Amino acid sequence: MTIDLSYSPEVTDLVARTRTFIDDVVLPLENQYAGDIVAAGGDDLRRELNAQAKAAGIFAPHAPVEFGGLGLNMSDRSPVFTAAGRSTFGPVALHLGAPDEGNVHMLAEVASPTQKDRYLAPLAKGEIRSAFAMTEPSPGAGADPNALRTHAVRVPGGWKINGMKRFITGADGAGMWIIMARTKGEPGDRGGATMFLAPAGTPGIEVGRYVHTYDRGMIGGHCEVTFTDVFVPDEDVLGEPDEGYRYAQVRLGPARMTHVMRWMGVAERAHDIALDYVGTREGFGGKLGDLGMIQQMVADNEIDLAATRALLTNACWELDQGEHASNSTSIAKTYGAEAFSRILDRCVQMCGGLGVSEDLPLARLANEVRPFRIYDGPSEVHRWALAKRAVGRARKAREAGVRNV
Amino acid sequence: MTIDLSYSPEVTDLVARTRTFIDDVVLPLENQYAGDIVAAGGDDLRRELNAQAKAAGIFAPHAPVEFGGLGLNMSDRSPVFTAAGRSTFGPVALHLGAPDEGNVHMLAEVASPTQKDRYLAPLAKGEIRSAFAMTEPSPGAGADPNALRTHAVRVPGGWKINGMKRFITGADGAGMWIIMARTKGEPGDRGGATMFLAPAGTPGIEVGRYVHTYDRGMIGGHCEVTFTDVFVPDEDVLGEPDEGYRYAQVRLGPARMTHVMRWMGVAERAHDIALDYVGTREGFGGKLGDLGMIQQMVADNEIDLAATRALLTNACWELDQGEHASNSTSIAKTYGAEAFSRILDRCVQMCGGLGVSEDLPLARLANEVRPFRIYDGPSEVHRWALAKRAVGRARKAREAGVRNV
Amino acid sequence: MTIDLSYSPEVTDLVARTRTFIDDVVLPLENQYAGDIVAAGGDDLRRELNAQAKAAGIFAPHAPVEFGGLGLNMSDRSPVFTAAGRSTFGPVALHLGAPDEGNVHMLAEVASPTQKDRYLAPLAKGEIRSAFAMTEPSPGAGADPNALRTHAVRVPGGWKINGMKRFITGADGAGMWIIMARTKGEPGDRGGATMFLAPAGTPGIEVGRYVHTYDRGMIGGHCEVTFTDVFVPDEDVLGEPDEGYRYAQVRLGPARMTHVMRWMGVAERAHDIALDYVGTREGFGGKLGDLGMIQQMVADNEIDLAATRALLTNACWELDQGEHASNSTSIAKTYGAEAFSRILDRCVQMCGGLGVSEDLPLARLANEVRPFRIYDGPSEVHRWALAKRAVGRARKAREAGVRNV
Amino acid sequence: MTIDLSYSPEVTDLVARTRTFIDDVVLPLENQYAGDIVAAGGDDLRRELNAQAKAAGIFAPHAPVEFGGLGLNMSDRSPVFTAAGRSTFGPVALHLGAPDEGNVHMLAEVASPTQKDRYLAPLAKGEIRSAFAMTEPSPGAGADPNALRTHAVRVPGGWKINGMKRFITGADGAGMWIIMARTKGEPGDRGGATMFLAPAGTPGIEVGRYVHTYDRGMIGGHCEVTFTDVFVPDEDVLGEPDEGYRYAQVRLGPARMTHVMRWMGVAERAHDIALDYVGTREGFGGKLGDLGMIQQMVADNEIDLAATRALLTNACWELDQGEHASNSTSIAKTYGAEAFSRILDRCVQMCGGLGVSEDLPLARLANEVRPFRIYDGPSEVHRWALAKRAVGRARKAREAGVRNV
């Protein structure tokens, strides 16, 4: 018994088929619709691509088998999601994008049988899209989730929710909602949140403006949403009241990692574009790719990609063992998000004038990955958490008499 | 069948016993002899520590079982060597330091049965130390091995070697030599080298001055050695003539990785010392470890350590599959060597005045890891090789019609 | 006699008036038109702003006094251009943007009296805009100017130009052209270029598509332009034939520095926006600006801004002494361009979700400064030139017997 | 009236004579004594070199003219001190090293006429060396000066001082002491310190062990010193009681800058050594200096040196205007200290195996500059101060209604 880093033939084959689908079907569409204001080509295109992905046997590889998915664990999702992420339309096409994929993951873990029938089944099959309503404008829940201000109060037969959310991905056109609201304590307190499920059309949910951001690849935008006296019956409380932060953790670690997987696809593609450029473009008496400073950028990309992959593999394995994996997912997320920015920046630089133009997709893809250093916890918050744990670990070692000097 | 990143209980236990031995037996001696001109306390201390390590059942974990070792593969060596590397005397104490460990590895792969009896057996058991005589002063073989100038000519019954070597680790007191000499072609040509074995006391081998370097942890120094009409009989040619570079490759990948393992131990120890300091030192109205800029350094160390470990695990696994692993070992070596310098630098900075003083071992350990960015191939050479391969890979993909845009 | 780093009261006053004009008049317009496809609000807005700037006595501070400018030297331009560059519309409003400002500079140095009347006078006064047609698509003149392929051949009474250009800033709507064409040698040869002047409407000049780039602030776009049998009479040859590269040098050093000045304004503004945000936004039990990791970003911005300013001051002073200042302008350009990207990136990160959204202008401004690491010579080309000169300088010192060890 | 960055012919000549003295007289001695435990060759060598420097007319260029110095202001000191700092023995040889130079500077500003006769005169002339006793072991005054614990109590005719100091540079062999002790408030309080003067041999001053550090260039070591009932008469109180922190500020800004000047000399020399190496060493089919990755290191050194120089020039000019220059000296110190570490690291890397050995002085010089990122305020403390001021400045601008968006 020892380390094994190989994938099964089934997974290897699935990766190859996913890559073929992206290259042949999705990339041409991405190039056609990239400039559109409606992200990822809109819902009509999404449904068409979903149907083709189902036909190709590659749809929703993470979803439970009983709901039509392939039931992959985190380790096996990694290379498949990366292949899908190569195109910014890929996650939508295979229905493995944020926030749907994370919501499917959490509902499969936490929802009641009735809730699974009503919400998980149509979501997993791609009949609807979903939104996860957690982050709020200042001074509410942002990088610091304990600042949660949207609140729910007990009413006969259920709860009534009021509050405002911002940066709610996929809100425009969402077929179902998962709403995080405070049911105990005050903003700033730890704990005391509950998750509520609600179908599209629930009275009191109003989707406001898009908050336009660097990235444009997620369908349904990042929107402002207001909740005014939204009634949710008891049977649509997800899990137990006041346990919302715990379920958010169930969602959080894996969702961070699938973000890394998808944007890894973007980074790999950009690197391939740059390699192709420097391997063919003449200048300074030879190919650009023979110049030392270009080689340094190429090699640094190779190192950054390999390190991200290795950290991702490690975190996924820990998650598959049933661990919280707080440290390893924070590390893989922080390293990956920063690496992707560096990689895209080097690719742009290697391609010179073309790199900063729309003649290549690099400038657009650089804008697509930049926000990941903020989404899912800014790098600074992850570093703070990592440091707290490390200093705590050292204190325990000191108290146990461990020797360093 | 899927990813598995766990170690067997036997390896986990061996790691724990190694760590206990280092903490209880080796670290106190390191602190006592650290300033000595004779590295790692000299050969008398080495023999004493070797005996204790044998008694503890942790001696030479990499050596073949038939020669008294534990026969670990690369994956399993990793955590054990890291535990041993925690003290700069640890590798000598467990007889797993450079160049002996790499020489044992190569001899086990390449040597004839007779050569194994004569050279590998006493070396594996720690009865003697060894030297690997490859690098030369300018304009000879340095970062560019093809520049090899030391040459061997055919004489009756064997070969006669002439040339000069520099930076020959462990030369002073070596009980056996592996000598790399050109047997075909001219300096600058690819290929054409042969490896020769020679016992201590072979006429014509003269060990010159120590080339004093930043690092002081390797026993027997980094020396200048001259070879004047050194006769080596045919039975002491290692493997086939002219195949020296190929055998060097056998040695190179694993030797790079065991360097990473050992210096990883130094980096982990330094990080623990700094964590202990910032967790207890008061300043600016609290503990230093509660300050954001300190937390950033702590977190960056955590990330660098995790990334090095993950890349190392990956490269070791590839080597255990029988692959050359040129890319993955270059990446793990380059990333690790640079990470260790960054980590030690942050540890020094976190500890302020104490960090730059001899009151803590950090300044000394920082000097110990610095040269690794040059030893075993400077970072620049690894990056050059990585870039060449990446550009070549892209060319093949282009020729195969793969689509990126 | 010693170092003096003070500005005259006249310059200090001009800086203050420029800043007031930008804040009161220009910034509100920028926010209104920022998303428009027509950069900087288009030519109608430009003429209106130019008139207001003239009325405020701050128009074209670099232009010769005899043509209605303020005649500032490079040192004095620095703080004025920075104040104007605070808004991406500022350079257009004060008529000190690229390429007009550099063209005015070069024409004032090189043009004949007749050419000054015909071209410089209306350009300096803002009656027309101009284009500098130098860079070409691959394999023509890009980062390597010697690759110039557009060529001009002798015809009776003048020259006939053929070729294709790309990334020609301000081409759409340009009232005059400066065209760089090869009159001697082959693509790849050093030297042999000539500069030609041509009015708008010259037959054979065709402005093609915009090459859309990260940056959108320059009026008239970065366009493709084809020159087909364009006739230029002898009196419109700028300076001497075959001396084009020499005149490009006259333009190049100062034009690099005014780019630094203008984008410095963007960087200062972004830093001020971020400071305002972290000084007021609550989170993690206080103001964000009290957190160590935020303070590190703030301080690094302060350092980067100060270093860019100091290097710029130095380079401008050398240019004002009549020196080529190749080293100091390369250093200020390279450092500045990289610093601006770092600064904008930190500002975005400090502002979190707002930073990556259009609710603040930071994401847009980050895209505005990114291309400067490629425009006016990629960082890699400047580093190559710096290294060549440094190694050459060391060789001379060695030959002169200077001692280092 | 505008920017002027030129030096007077007198200063230019002084720089040239200083450089000649360093190259011809001091460097050979440095190489001879570099490994010695007694820093900078000891006091006998110091006196001999001081005499030669006086004969050459280059001794103590910063000291007041009436005490035998050249009376240079900060701006003019800059290139002279840099030339002297080229050798680690240079500052001792010209009597412009820490802490003497800073002490001369402060005594010239603050001391009474009697104190000047008794202490400043012999110190300025190099008859004695001095120590500035401020920093203490934890939990006393370190990076946070308000933690000062050494205290002085009123006794008839003077004060009695008790406490312990650490890292007191030049203590071993000091001919006079400036002692910082608390005369009001408690450790942690702002203010309340007094500076006391005391001659060598004052009862109760005991110099303890050397705290050995990375750097070895300062004569008299960094020592532990205990003060036990040390009596200082009223006439040896420097300036006013309780105003010690204010005088420390007088000393602090300039002392930071002269540290930058001196270590700039080390960095320039290391860069020259590396340039010489890469310009002559063959490898990979040419000179190392023709390889892109080497050129990048060379260029980055050029940029770092130029930026440090420019920031230093700026800070010195502000100091010469009588300003506190807190921001500009913090920036120049922080940037310079970090740049010197980067530069030395690149020089080591460029020189490969020789770089990490004692065959070149680079490894030794790298160790010499490393502590500067901690001495005179760690980079983190300077960044904290810079950020506090920047955020405060933004608050004032906000309150004044300044517009950024």
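Labels A, B, C and D are assigned to the chains in the order they are written; within every chain, residues are numbered from 1.
The rule is simple: contacts are C-beta pairs under 8 Å (C-beta built on N, C-alpha and C of every residue); 3 or more make two chains touch, one makes a residue touch a chain.
The chain list, named the UniProt way, goes like this: A, B, C, D = Acyl-CoA dehydrogenase family protein.
Note that the coordinates shown come from a computational prediction; the quantities given were computed from them, not determined experimentally.
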Identity of the chain that, by mean CA position, is farthest from subunit A: D
Interface with more contacting C-beta pairs, comparing B-C to B-D: B-D
Inter-chain centre distance, subunit B versus subunit D - centres from mean C-alpha coordinates, in Å: 39
CA centroid of subunit B to CA centroid of subunit C, Å: 51
Residues within subunit A bordering two or more other chains: 291-296, 380, 383-384
In the complex, subunit B residues that touch subunit C: 291-296
Interfacial residue positions of subunit D with respect to subunit B in the complex: 135, 138-139, 142-144, 147, 166-167, 211-215, 222, 281-284, 291, 293-294, 341, 345, 348-349, 352-353, 355-359, 363, 366-367, 370-371, 373-374, 378-380, 383-384
Contact set on subunit D toward subunit C in their complex: 1-8, 11, 23-24, 27, 31, 73, 75-76, 269, 271-273, 275-276, 278-280, 289, 292, 294-296, 298-303, 306-307, 310-311, 313-314, 316-318, 320, 327-328, 331, 334-335, 360-361, 380, 382-384, 386-388, 390-391, 393-395, 397-398, 402-405
